[in-house]
Amino acid sequence: MAEIVSLQEGIRTLLNNGDTVALEGFTHLIPMAAGHEIIRQGFKNLTVVRLTPDLICDQLIGMGCVSKLVFSWGGNPGVGSLHRFRDAIENGWPSKLEIDEHSHAGLTNRFVAGASGLPFAVMRGYKGTGLEKYSPTVAPITCPFTGEELVAVAAVNPDLSVIHAQRADRKGNVQLWGITGIQKEAVLSGKKSLVTVEEIVDELKPHPGDVVLPSWLVTAVAEVPGGSKPSYAAGYYQRDNDFYIAWDEISRDKDRFLAWIEQNVLKGDG
Amino acid sequence: MVEQLQYTSDEMMSIAAARQLKDGQVCFIGIGLPSKAANLARRLHAPNLTMIYESGTLGAKPTVLPLSIGDGELAETADAVVSVPEIFNYLLQPGRIDVGFLGAAQIDKFANLNSTVIGDYKTPKVRLPGAGGAPEIAGACKDVIIMLRQSTKSFVDQIPFITSVGYGSGAQDRAKLGLRGGGPSIVITDLGILEPDPFTKELVLTQVHPNVEIATVVKNKTGWDLRVAEEIKVTEPPSKEELEAIRSLKSAGK
Amino acid sequence: MAEIVSLQEGIRTLLNNGDTVALEGFTHLIPMAAGHEIIRQGFKNLTVVRLTPDLICDQLIGMGCVSKLVFSWGGNPGVGSLHRFRDAIENGWPSKLEIDEHSHAGLTNRFVAGASGLPFAVMRGYKGTGLEKYSPTVAPITCPFTGEELVAVAAVNPDLSVIHAQRADRKGNVQLWGITGIQKEAVLSGKKSLVTVEEIVDELKPHPGDVVLPSWLVTAVAEVPGGSKPSYAAGYYQRDNDFYIAWDEISRDKDRFLAWIEQNVLKGDG
Amino acid sequence: MVEQLQYTSDEMMSIAAARQLKDGQVCFIGIGLPSKAANLARRLHAPNLTMIYESGTLGAKPTVLPLSIGDGELAETADAVVSVPEIFNYLLQPGRIDVGFLGAAQIDKFANLNSTVIGDYKTPKVRLPGAGGAPEIAGACKDVIIMLRQSTKSFVDQIPFITSVGYGSGAQDRAKLGLRGGGPSIVITDLGILEPDPFTKELVLTQVHPNVEIATVVKNKTGWDLRVAEEIKVTEPPSKEELEAIRSLKSAGK
């Protein structure tokens, strides 16, 4: 059964330096507040797994928390580059960033394999691309029935998976809806999981399109209103598209980035 | 005398792309030019176009152009919202999508795309966002439409990294690689249209937009020795209706 | 886009003698009326794919429509045997029945592979059981990353997949909810699909737990109120458990079975 | 003087099984005796037992015993309803389930189960329903509880078909086969309880229900030379509370 914790306690007790941590949420419900808490607690040498690294990874990378990134699309959606991500790869600032790079379909299937208790998943993909050459977690596999050659991707099983959801009840059952992305697979592939939620309620009312994660599949739940801003939580608040555009300027310059983090993450609790 | 309408080369490019879409088709689209072109087509001649964004929104009908592939309005207006594994495994991979729309940083003469790095992979000059959904869109869709502004920096003889396969090194490669979609049928640029030669699959300039010189495209805007079709067409300029529609498209967050 | 058809027309135009046909619905939303229409139209030599053959297959088998059954649990749920199914296997009445037998997990993954456009799926299962020995659609496969031996099951891609759902709209978008079982995968694995629905409505209102199959994923939709009786359709009618119990007696005797079919299927339209 | 309560051997069997379940456990259960035992436990000492039926209902709380694993009430009272692929691939296969409950037509001394055929597979004397979810429940659950009425027809030296693996041919087989669950810890019958020997994994009679003769179980009710534990216990007879609870359980459709 999931334990109800504070965000601070959840990150402190469930995460360790050197861990592999998945932070998921496909555009929607990105666990930004949890990312900030990881920065505040000063974790190091993390391997971060995330399809779309987004601002959350740009901040973690820029603050030196990440030694390796497993990802499939590292941009600021609709805006352009992730400057801290680029700076780490192109210039090694603040430290060298190792990468294991996939397509969305490939990293998705790595989560699916992890959630399924399998060491790999089978898919069509990668053939003829440079991705196949550089990733150690992609390999050919032959169909035992047809002889056709397909691609296997290795399961990912993070030490900790973190997602944000709309609601949980007091028993720790979690409910999310809208674009639910890869969140279920992220939680299920994790050896442990932490779910931040907009609110903890007495009873989860069914909602069209909802995904319910029963309490026994979740390690801990923390109530963090606004926990995915500037991303959004359907039914609670909208995506702050203006901030995504503003981030391009903030993050382009190291000092301005550091000042923003100092002001908005280290001093505050958000 | 016919009224002379003013328009930008980007508007021409989006309108040319929108014209490629047929009503009733199912399209897999990314943000930016593809999303603009598809939303434009839906407001013009293709009201029953089904737009799929890789966030899992099937049949989204946004009133403003989304900033991200996961904007809330896409989910709110969709016929269905499915998980990301379903989008890739159940819908894209089996070849159910009619048209995949792709952009990129660079393209080569066999319509292979690079959206990963400029320079060496391990020590890149410019690190780009990477693959996203593109490799499997390029592999699996029945048809692929590529949109890319044309220059010697983007249309290059040799791309440093193949993110998405067009035709590999020629006509036989897609079959050899087991790619079951049809491959790119058209590349739409701000200057004109390129199509793969039916036999060699090398891209050929088949159309230029109004007031674009063929020689300029070949000599100053393409990084390889671009073949030109024997009978080259000139794109029909945007109509008043098309320009009104494109200018009425509002963007989220801008 | 799905075409709206009558049940009679749908079965007549989409099914052929000798086809492989999936009839899915896991306890809930079993496409019984479609099964009856197949009997009325006198199809022969069908390969029927269904996790839980249930009364629908007992009837099809007893009427000689089926030459091969691909299944994972062939009983009358909570009651006992399927007597027509047993009679066909044990005594070859009315004709010999070939079988390809799986576990639920195995046949489920065969549908998942079929829906995914893959020739096979990977799973943990079958090891040490007799199923592995007798089914030609099960084979060992080795993980290219860990060397672990797992099991591959071959994709199933029926010529026609039939399911029953609560609602469709006039464009052919389909909506079902409650226990949704393997229906999505059945439709997506089929080369063609027919969905019978309780009602066709102007607009599909979102419903918690619903699965929506957009029209472009479905071949044809037929309005058949009560189309899953004596199974049930959540929100429309309940499972007729008494009939499931009564079926044990009806089906035990060939003549009584034939008389029941004559009276309830061949003479009627249900 | 203590009141002598009357009860049937089936009631004793269900109550003995219910007692095995601990509050807070997650159970994967089939219809019939397992469903009855789990629902009974939930009404007695394990109100927070999570019952999972293979139809996809997680945390069902039925008021009557369902006739099928997909009765409407299971879905209506569940914490969540998921698809069948999710049940098997995301929940059962990775070993997330504490207890799997299995019945069968036959069992052998290593707790392997047959629910497929009596006689030859190709020309069976009796064709049984087959595997359903059983092989993977037997393989993946942390613990497996087996319930089976005991007779020489059901407890046999050699089963004609292994539908679900208990311990194969002995202690090493589960590891060799890659089965990651713990295997059966207990077999509950209408006569008593059998448990695998910790070293050999052969089933040993460790407990008899009240008024059952050990010799009868060994000589008349088991098809192999059944080992008997050195210190054999007698099952605590059903309490008044247990009997009231089991008799208040109503069944759907009956």
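Lettered A, B, C and D in written order, each chain numbered from 1.
Keep this in mind: contacts are C-beta pairs under 8 Å (C-beta built on N, C-alpha and C of every residue); 3 or more make two chains touch, one makes a residue touch a chain.
Bear in mind the structure is a predicted one, so any value in this text is a computation, not a measurement.
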Length of the shortest touching-chain route, chain B through to chain D: 2
Winner on C-beta contact pairs when A-D is weighed against A-B: A-B
Taking each chain's centre as the mean position of its Cα atoms, how many Å separate chain A from chain D? 40
Please work out the Cα centroid separation of chain C and chain D, and write it as a whole number of Å. 28
Can you list every residue of chain A that touches 2 or more other chains, as numbers and ranges? 117-118, 123-124, 148, 150, 184-185, 209
Note the residues in chain D that touch 2 or more other chains, in rising order. 89, 93, 140, 180
Chain adjacency by touch: line, ring, star, complete or other shape? other
Let me make sure I understand the interfaces: which chain pairs count as touching? A-B, A-C, A-D, B-C, C-D
Of all residues in chain C, those that touch chain D in their complex: 26-28, 51-52, 71-75, 77-79, 81-82, 85-86, 89-90, 101-105, 108-109, 111-112, 123-131, 134, 148-150, 178-182, 184-185, 209, 232, 234, 238-239, 241-242, 244-245
Taking the complex as given, what residues does chain D use to touch chain A? 24, 26, 50, 58-59, 79-80, 89-90, 93-96, 140, 180
Contact footprint of chain D on chain A as seen in their complex: 1, 115-118, 173, 184-185, 188, 212-214, 216-217
Using the touch rule from the top, collect the residues of chain D that touch chain C in their complex. 31-32, 54-57, 66-72, 74-76, 81, 83-85, 88-89, 92-93, 116, 121, 124-136, 139-140, 161-165, 168, 173, 177-180, 252-254
In their complex, what parts of chain A are in touch with chain C? 117-124, 137, 139-141, 143-146, 148, 150, 152, 154, 206-210
